[in-house]
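The same chain A turns up in both complexes below, where it pairs with chain B and then with chain C.
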Partner chain A sequence: MACQGLQKGETLASLKTESDGLKKKLEVERGKLNDVELHQVAEKTEVLGALSIKTRRVLKGHGAKVLCMDWCKDKRRLVSSSQVRTSTDLWTREHGVSLPCTWVMACAYAPSGCAVACGGLDNKCSVIPLSLDKDENLAAKKKSVAMHTNYVSGCTFTNSDMQMLTSSGDGTCALWDVESGQLLQSFHGHTADVLSLDLAPSETGNTFVSGGCDRKANVWDMRSGQNIQSFESHESDINCVKYYPSGDAFASASDDATCRFYDLRADREVAVYQKDSIVFGASTVDFSLSGRLLFAGYNDYTINAWDVLKGNRVSILFGHENRVSRVKLSPDGTAICSASWDNTLRIWA
Partner chain B sequence: MTSNSNLSNMRRMVEQLKLEASVERIKVSQAAAELQQYCLQNASKDALLVGVPTGSNPFREPRSCAVV
Partner chain C sequence: MTINTLAKGGWHRDQMACFRKMEKVIVAMQDPDMGMKMRNQRLLITVIPHAMTGRDVINWLMQKYNMCEEEALHLGGMLVRYGYIYPLKEPRSLVLRADESPYRFQTPYFWTSTRWPATELDYAIYLAKKNIRKQGELMEYEKERYSVLHKRINHTWDFVVMQAREQLRASKQRRKADRIVLECQEQAYWLINRPPPGAYNILDMGLERPNNFSTRVTLNSDYYKREIEFCRRALGRNRVKSSICLEGFVKYSEQYLSHDPIMQGCLPSNPWISDDTAHWTMNTEVVPIPSRLRVERWSFSFMELLNDAMGRREFMTYLEKEFSAENLCFWQACEDIRHGENSRIVEKVEEVYKNFLAPGAARWVNIDSKTMDKTLKGIQHPHRFVMDDAQMHIYFLMKKDSFPRYLKSDLYKNMLAKAIVPQEVKKSVFPFMRRQRHSSPSPAQAVAQASEEEGRA
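And then the complex of A and B:
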């Protein structure tokens, strides 16, 4: 029987005791600093007035459920992906052009605006360079970059067109070199499907957050692959994670019908956005430019706008006729785009 | 052997927990104050919060009619 690496006196039982002890210690340490609630600190802030946000555009043209969308940095173009009912091919639409990409659950614009990444049930994430020439055969130019052993749930370029981060149903996240397709770093720690990831906003930042079916949200160091912080307070799958604009906190949306807010420096959950009347899962979240508003899309077809500091709901955006699958703030903060299973995208401003 | 892989998994979990337990933390009161400050400092630039004059928001149609 091979026993190398076994420390003196170390057994499964002793390690279990040690791990239980550490978990308790973590709880105690975090608890010591929980001297006040976020909404109490925000008591002196002015209450928000009614928001004048309405649907300004409805984008039809997808033949089926829209699963994902992303804005181009030029603030005008969008890429969105859907599931076409009549065939097994899922396709991506970018300013009116269909791009060849099958089974797409995730799509993202490259920072340069010159390419689009898409991935999904084919376990891959591919990059398609965009061309102004509508006759160009884009299928020929499509290039596989990421290869997972289960579906790709999320993808994003890092600060340039050269690297891409993906999250997968195989329980891992990975960093890839777009040019060579080489795996640069893999991130292990989730114990079930990873459903979402988001890159920290800072230019120099090298961290990202991921959330998944193990109900955990993990923060990772991109260079070392290390899981630096972990948060487990949701009662069901985390469908989406998004950084607060300052990079010091992040929000999550879950099947437990709540959205939560975690501060990274306090290392704990600091707010829960919930109401007894909200019983359907939240699938997606994004912050407004100042971080004061949190827009969350739900399976009951609505988008709720929450006051991040005070914790109350400020507005309900009605309009979609089926589940909201994605909400995303435009790069300049003037509008929110929502994608839905009702086959449309809506722009709210 | 399963017992060895269980052992190495446990050891990895213990190392991970030690790392997480050693994270430097600040008080919620301080973190909350900074989050609030960020919101307030940027509130005026937040179009969805304060609204912008209809003329300058490309997604809102201008109310007045233009004579062509």
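And then the complex of A and C:
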């Protein structure tokens, strides 16, 4: 983008001052309608007892750190990706596909269940059609769709197999037409690596949220490419963002060892989930079906379950022997799957 | 592509914050008043002062953070793995044991965060010292590394040997107890910063993130002008009072509580727990008779109804009776354009125009003239979003008008009445093995109660 240059009477310093001033004003405006806190409103809800969630399955088979996973809409199958010293395995329960790329950081199931997308250090996001034929060489059918100038950190299909949204270490997010690989829209606004994105479950299906190393979580209009809302309250990189089931809010997980809850209509952060004894960064979050529980995976190998409304921790899940890289609720809400650097995935219910 | 591995000295900036937090805990543990009580520990024939047992560490953490034993063991274990506390017995096993095993605090000089990154030179000196002390009896991997270093930094080798000898001389002048302590501390440091092959590398941080504010985007006038523009727009935004928004979350969670298997279990049982897939079979996309919860959920919002294939089909049937099925068909066709392949947009737009918008079209949709004019104009240069306005108009028409009437209709009410409420399955496979069916109290009781009340009413 060509630099517009300074107008008469403007200096870089004066622009910065104006920008900072407006940001302060924005914070004041946001505070004006803040007439009650979430935990106060939640006082009338009943206290949650300890959850009796246990590991129900341990999925071994990756030879290296599992970096990402996604569920299929059929509620049972999942795809996971990992980092192997020389190559990368991309697993569905039936197939094992090796791709010539290390650190496959993002993977996603297509809504139809007939394909998976994956991307990472190769700066691309590719789509691989799945087939029931176990002998078929799936790697050969891999099709490059997204091209970034740095690693791909997250990918998701939008409402169909035909469109894909990606986030990248190059600081941008992008919307792609799968069939042609054409870039449909790009989203600029982050000032450092974008680490995560999530599509809004809204009626008009037009927005998504992204979080990154600039500590910001941004909400975007998919159609215009504009940054609609921005939240900057974390003290460190945001590793993961996830919408609340109603679409009116989202949660974030950060290296500052906290998870936060942001209300989109009130336009502010409404809860921080933290404890003195939790010193390691949170890498991933997901809600339970009703949105009452927030599951967060941490770099100290644990998963903490938080009461979203009251703000206290309900349960701590032990089991993994290395960092938890991803947690995801199954499509029907019956289980949580966690992926870890200990080379395994666990299913909790 | 820049990948700075740990070996090259790339340090994940935010790991420092994590280390600082652990150090805070460690400092609190050593507080003269509120910290742990330490005592002398006997190691063979030597007495080591200021030591504590694994059990002490766990009890202190449990008390300080009000946590259960499992969590205290876990947190304490991390402190040991990161080298803040090291074991006196079995020093190579960086594990916290919940018994009388003796441990000691690592001196801040040897905290990983203090001297980062651990240099090759320091490691060489350490190995040289050990080599001299043990008269060549290093461990295999240490021998290998020693010779690799010897080749690599050969030019400074005289300095390495000199330093090693000097440090050994100085340590000989210490009391035996202090000497042992220093050796343990140093060993613990190197076990973490140069782990033996095959051992767990706690300092593995994965990919280094460049995370450099100015390398991604130059903070020039364009950047600030965009920020200013964004703030101006944001200031003009409508915001909703917190009390209203937050109440919304409480209501949503309450409404969906019985649908949340993790919170309240699911009927007949959670397949992941019981290995019985009946729940999935009963809830596949198309079933002869849907479950009660599923049909109830259609009433929660228009989006819920449309997101469920069966719900959408039922709604279509209802609209056909009302002679307004073209609305749903139109909406679906628009979705198809919005989310479909680029290459087929033009052809799909034409189809939609022919079927729904053209004068005298077979399934003409009733949209207001302003939207119709705008849409017809836009069709001349078709693009992905050309139908957006018309689609929204029809969507809200269905949502505000047809949807509420559908919920009051016999079609829906009959569906709800017919819907299945599965029995909770409590069969055990083996009589002597009891399997837990639900992760939480059974919702079957709640349903039984509800129908009891209905019976009475």
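One rule holds in what follows: the second predicted complex is superposed on the first by the 314 of 349 C-alpha atoms of A that agree within 3 Å, B and C clash if a C-alpha of one lies under 4 Å from a C-alpha of the other, contacts with A are read in each partner's own complex, and residues count from 1 in each chain.
The criterion applied here is as follows: a residue touches a chain if its C-beta (ideal position, glycine included) is under 8 Å from a C-beta of that chain, and two chains touch if they have at least 3 such contacts.
Just so it is clear, the model here is predicted, and its values are computed rather than measured.
For the composite obtained by superposing both complexes on chain A, the positions of chain B and chain C are in clash.
In the superposition on chain A, contact is made by A:Leu184 with chain C only, not with chain B.
After overlaying the two complexes on the shared chain, residue contacts for A:Asn123 are found with chain C alone; chain B is out of touch. In the superposed pair of complexes, A:Ala192 makes contact with chain C only, with no contact to chain B. Once the two complexes are overlaid on the shared chain, A:Val279 sits against chain C while remaining clear of chain B. Set side by side, chain B and chain C differ in how many residues of chain A they touch, and the one touching more is C. When the shared chain is aligned, no partner comes close enough to touch A:Cys114: not chain B, not chain C.
Contacts of A:Arg223 after superposition: chain C is touched, whereas chain B is not reached. Among the options 243-251, 297-305 or 387-395, the segment of chain C that ends up inside chain B in the superposed model is 243-251.
Comparing which residues of chain A touch chain B with which touch chain C, the overlap comprises 1, 5-6, 10, 12, 15-16, 18-19, 22-23, 25-26, 29-30, 33-38, 41-42, 45, 48, 51-53, 56-57, 189, 227, 229-230, 244-246, 248-249, 263, 265-268, 270, 288-293, 308-309, 332-336, 347, 349. Every residue of chain A that touches chain B in the complex is listed here, in rising order: 1-2, 5-6, 10, 12, 15-16, 18-19, 22-23, 25-26, 29-30, 33-38, 41-42, 45, 48, 51-53, 56-57, 189, 226-230, 244-246, 248-249, 263, 265-268, 270, 288-293, 308-309, 329, 332-336, 347, 349. Residues of chain B that touch chain A in their complex: 1, 3-4, 6-8, 10-11, 13-14, 16-21, 23, 25-36, 38-43, 45-49, 51-52, 57-61. Residues 1, 3-6, 10, 12, 15-16, 18-19, 22-23, 25-26, 29-30, 33-38, 41-42, 44-45, 48, 51-54, 56-57, 65, 75-76, 103, 105, 121, 123, 150-151, 158-160, 162-163, 169-171, 177-180, 182, 184, 189-193, 195, 201-205, 213-214, 223, 227, 229-230, 235-237, 244-246, 248-249, 255-257, 263, 265-268, 270, 275-277, 279-281, 288-293, 299-302, 308-309, 316, 318, 323, 332-336, 341, 347, 349 of chain A touch chain C in their complex. Touching chain A in their complex are the following residues of chain C: 1, 3, 14, 17-18, 21-22, 25, 61, 65, 67, 70-71, 74-75, 78, 204, 206-207, 209-213, 216-217, 219-228, 230-232, 234-235, 237, 239-250, 252-257, 259-263, 266, 270-273, 279-280, 283, 302-303, 335, 338-343, 384-385, 388, 392, 395, 399, 436, 439-440.
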